[in-house]
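As structure tokens, here come the structures.
After this come two complexes, each holding chain A, first together with chain B and then together with chain C.
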Partner chain A sequence: MTADTISTILVSGIVLGSVYALMASGLSLVWTTLGIFNFAHGALMTLGAYMAWTISDAAGLDLWLAAGIAIAVAAVIGVGILMERLLIRPFYDRRDILLITVMTTLAAMIFLEKGMQLAWGARLKQLRPIVPGNVNLLGTTISAQEALIVVLAPVLLGLLWFFLRNSRIGRGIRAVGQNPAAAKLIGIDVSGLFIVTFALSAGLAALTGILLGSVRLVTPTFGAEPLVKALIIVIFGGLGSLGGTIAAAYLIGLLEAALIFFIGIYWAPSMIFVLLIAILLIRPQGLLGKVER
Partner chain B sequence: MSVAFNVRTLAVVALLLVGLLVPLVVQDTYIRHLFIVAFIYAVVAASWDLSLGYAGIFNFGHVAFFGIGVYATGLAAKLLGIDPWLAMVIGGLAASAAAALVALPVVRLQGIYVVLVTFAFSQLVLQVVISQSAVTGGTQGLVRVPTIELFGYNFLRDYKFGYYYVALLLLVLTVACLRWLVRSDFGLSIRALRDNEDYGVSRGIPIGLQRLKVLMFSAFFAGLAGGFYVIYLRVASPEVFSFSTVSLILSMVLVGGTSSIYGPVFAALGLTFVSEGLANVDGLAEGRFMLVAVAMIVVLLFLPGGLASALPRKRLEQPAGTGSRMRPSSLGEKA
Partner chain C sequence: MKPKAHALELRELRAGYDAYDVLQGISLHVGAGERVGLFGPNGHGKTTLLNAISKIIVPRSGSVSFMGEALESLSARRIVERGLIHVPQANQLFPDMEIMETLELAAFTERARRDRNANLDYVLGLFPRLAERRRQQCKTLSGGERQMLSIGVGLMCAPRMLMLDEPTLGLSPKLKQELASAIGEISKRGIPLLLIEQDISFVLSLVDRMYFVDHGEIAREIDRGSDVDHEEIMDMYFGGHAAP
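Up next, the complex of A and B:
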């Protein structure tokens, strides 16, 4: 294995890992705080990319990219809040909320996917890159946009961590995640924080979509593949902690890059799944999850 | 009790007679086609009810078992030249084998992790089908699958007359088997595990083995339905694995009500006609799935007593790992 090979695998693995980390951390945040799994997360990502395209592309409104990004993120956050209101809030008092919200968010995903197909059609769209050109990283050339993702992902996730750790709202979110009843007792606005959490997660999804929208082609099912990868990541890392999820995201990214290089793009997903089953047989709580029995 | 039982038996017999007479009255090929498709979906929905409703396993890979049946039968009949009747059984067995593979991790997992693994599995199968296009036809689909014959009678003849009865037979056999299963001691034990896992285990029910059996039985019928589906339509496309198919069949299970077997069957019959009817309306070919999604949410919102109240309880109180102490719904119960 030459240095070139290692560099290629490493760089493409880190690019993949960054995308997955952005994607999976939003899922993990909602899970730790609300205890529900949002299957529409990938569709929110797609919606963000389409919105930004419509506003900034020449075929759309042809405004600045910055305007497109800002409006798209805001709009997706709005949709996220609406989802929390309509699809999750009515079921808070139900004991089977976990299963019900799997179904409602799945329905939301279908609704959004088909809606976007009707609104934007099946033709492929691509966002203008935020930064044009190519960059040489460790001897491997990637587009500047991909380099931007690699740089932005840790920055955004660092900000998220800082926010959860140090701000009053962030501490509230973590308190609700740890014990909602006790959080309510000491006067934390639990239902308000659920909305904030969902908004944060939706915002992350939109940003992921916008960043990825100029690297890959945007279709109505653009978010489905990253969502499936995020599923695998949260199984690997355990849904409980943001840190575990992010670590698993980079791990899977690197693993996928290596597998694509050695056994090809067709069999890589199957190999990852077989590995997943093998790991779950030995550690049912996930590779990085803690034993809680 | 016995009166109610007799009324239900009479109703089932009456419906069966109506089912047998339909093709004699309905001459239209398209209406017959809708019946056949509805029967197939009814088999898939009813068998999903066994694992999701009765056993309370959060199995979201059921449509993948159907798809595995479609492709296993299609490939066996087309490439290996196996008799299509036998190929359908192979489809069922292949789905069962896949279910056993999924069951390996699933029987040891809890709550959301079961959902995630079964979901990831169904997406994986889809990716394999698309990537191995040399064998499966990829996104183009598998075409020109052989048809079934019986004593020299080719089922392509007589405007789907023969296919209708095969589909009806498949449905009746499936419902009879599933009803027998859920009313047997086996059915009692899986419901016991669903309602109170700890107590069930302490009374000596082998939880891993029962869940493995549930998944394999429920996948077998789905695979068999998939086998008939591909022999009947003569094409297989990756569309059978799509989230649209999942949501359509899931809505049948939800609208019909879980833990009843009959409920999903009737919902499948009704929803297939509604959904196919809407597909012919201009602009609704894709949009109808938006309506299906809305219908699912409305049912979950407004019919909790009728449908969702029959959903599994016990396992939902303990989502995997860290989830249990974080669930917002515990607010109302503990406060």
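Up next, the complex of A and C:
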């Protein structure tokens, strides 16, 4: 294996890992706090990309790019909050909330995908890159936009980590995830923080979509593949640990890059599943997850 | 002589789970600065009573007032804001959080945040062991330490009244003694207490008055002054109606 090969695998693995880390952290946050999986997370990502495309393309000015991003993220956060209200909140007191919300969020995913198809059509779209041109990273050339993703992902995840660790609301979110009854008894507004969590997660999904929308082509099912990867990553990283999720995201990104290089793009996704199953047989609690009770 | 404004007053409170009423109409009061005990067999509604007061469950009927204010329309969070603090039984707290983080977080309401530093000093002075282990995660604490942290969390909420649910459950006699003196210390600050306890001698040493809860009702009220002997209490516990 030449140095060139290693560099290619490493760089494309890190690009993939960055995208997955952004996607999976939002999914993981909702899982640890609300105890549900949001299957519409990928559709929220797609919605972010379409919104940003509409706003920035119509304006056609660089100035509008930032505004487009901000408005798109805000709109997706709004949709996320609406989803929490309509599809998750009515079931909080039910024991089978996990299964019910699999159905409701899957329904939301289909609804959003079809809605986006109606609104934006099936024609492929691509966002203008936030930063144009190419960059040389470790001897491999990638687009500057991909480099931006590689740089932004750790920054955003670092901010998220800092927020959860040190801010009053962030600590409250962790408390609500770990023991909602005890959180209530110290005066925390549990359902209020559920909304904040969902909003944060939707915002992360939108940003991922906007960043990726100029690297890949945007279609109504643009978010489906990243969603499946993010699901794998959250389970693989060990349910309930943000650190584990992020580590797993980069690991799976690198693994996928290596598999694509060696066995081709056709079999790589299924091989990831095979490896995941094998690893979960040995470590049922996931990569960094702790054994429950 | 009863004080004029009670800290806490319940009238005919009914509550339960699903179709079953655990509380069959409870009326009781806790005076300003008073320490009141609740005792009685397990499964007869003591914990349910505290849950109904703090709105962990919603009462079916009856009224609760705190410092003269009706609590019916208030949520759990608003009740904490008012300063009526419930320290639940065997509280697991937040497993992955450190002691200091937990204590700081517990001063969550606007009012509690104002007194955060003073209360933190007070809690760490009361339970030096928590100060020694400030970076330790809740899930790694022993039963006694967790109970101390639980009470500490209650104190960080800036209580105007504390309701403690079996603070010494499953602890060694030595630890029980330690907690008893801490609770005595807290009540010296004039904070009214409602204390659930199974250990009669423990509860007698800490309270001014007791209610005996049986089958979801107040079966008896016992003043510390009135001489109730140990045997009589045992009779109440074990369904002593048959006793001569």
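Note that in this section the second predicted complex is superposed on the first by the 286 of 293 C-alpha atoms of A that agree within 3 Å, B and C clash if a C-alpha of one lies under 4 Å from a C-alpha of the other, contacts with A are read in each partner's own complex, and residues count from 1 in each chain.
Here, contacts are C-beta pairs under 8 Å (C-beta built on N, C-alpha and C of every residue); 3 or more make two chains touch, one makes a residue touch a chain.
The shown structure was predicted, so the numbers you read here are calculated from the model rather than taken from an experiment.
Trainee: Taking the superposition on A as described, I'd like to know which of chain B and chain C A:A108 touches: first, second, both or neither.
Mentor: first
Trainee: Touching A:I142 in the superposition: chain B (first), chain C (second), both, neither?
Mentor: In the superposition, A:I142 contacts neither chain B nor chain C.
Trainee: Given the touch rule stated above, what does A:G187 touch, chain B (first), chain C (second), both, or neither?
Mentor: second
Trainee: Just chain B (first), just chain C (second), both, or neither: which does A:A24 touch?
Mentor: Neither partner.
Trainee: Chain B or chain C: which reaches more residues on chain A?
Mentor: B
Trainee: Of the partners chain B and chain C, which touch A:A52 in the superposed model: first, second, both, neither?
Mentor: A:A52: touches no partner chain.
Trainee: Once the shared chain is lined up, is A:V76 touching chain B (first), chain C (second), both, or neither of them?
Mentor: neither
Trainee: Examine A:R174 and indicate which partner it touches, taking first as chain B and second as chain C; both and neither are also allowed.
Mentor: second
Trainee: Would you mind listing the overlap between the chain B footprint and the chain C footprint on chain A?
Mentor: Common interface on chain A, chain B vs chain C: 178-179, 181, 184-185.
Trainee: If we count contacts the way the header does, which residues on chain C are in touch with chain A in the complex?
Mentor: So the residues of chain C in touch with chain A come to 54, 56, 76-77, 80-81, 85-88, 91-97, 101, 104-106, 108-109, 112, 153, 156-157.
Trainee: List the residues on chain A that touch chain B in their complex, please.
Mentor: 31-35, 37, 86-87, 90-100, 102-104, 106-111, 113-115, 117-118, 176-181, 184-185, 190, 194, 224, 228, 231-232, 234-235, 238-240, 265-267, 269-270, 273, 276-277, 280-281, 284-286, 289-290, 292
Trainee: Quick one: in the complex, what on chain B touches chain A?
Mentor: Of all residues in chain B, those touching chain A are 58, 60, 101, 104-105, 108-109, 111-113, 115-117, 119-121, 123-124, 127-128, 131-132, 243-244, 246-247, 250, 254, 283, 286-287, 289-290, 292-294, 296-297, 300-301, 304, 308, 311-313, 316-317, 319-323, 325-335.
Trainee: Residues of chain A touching chain C in their complex?
Mentor: On the chain A side, the touching residues are 168, 171-172, 174-175, 178-179, 181-189.
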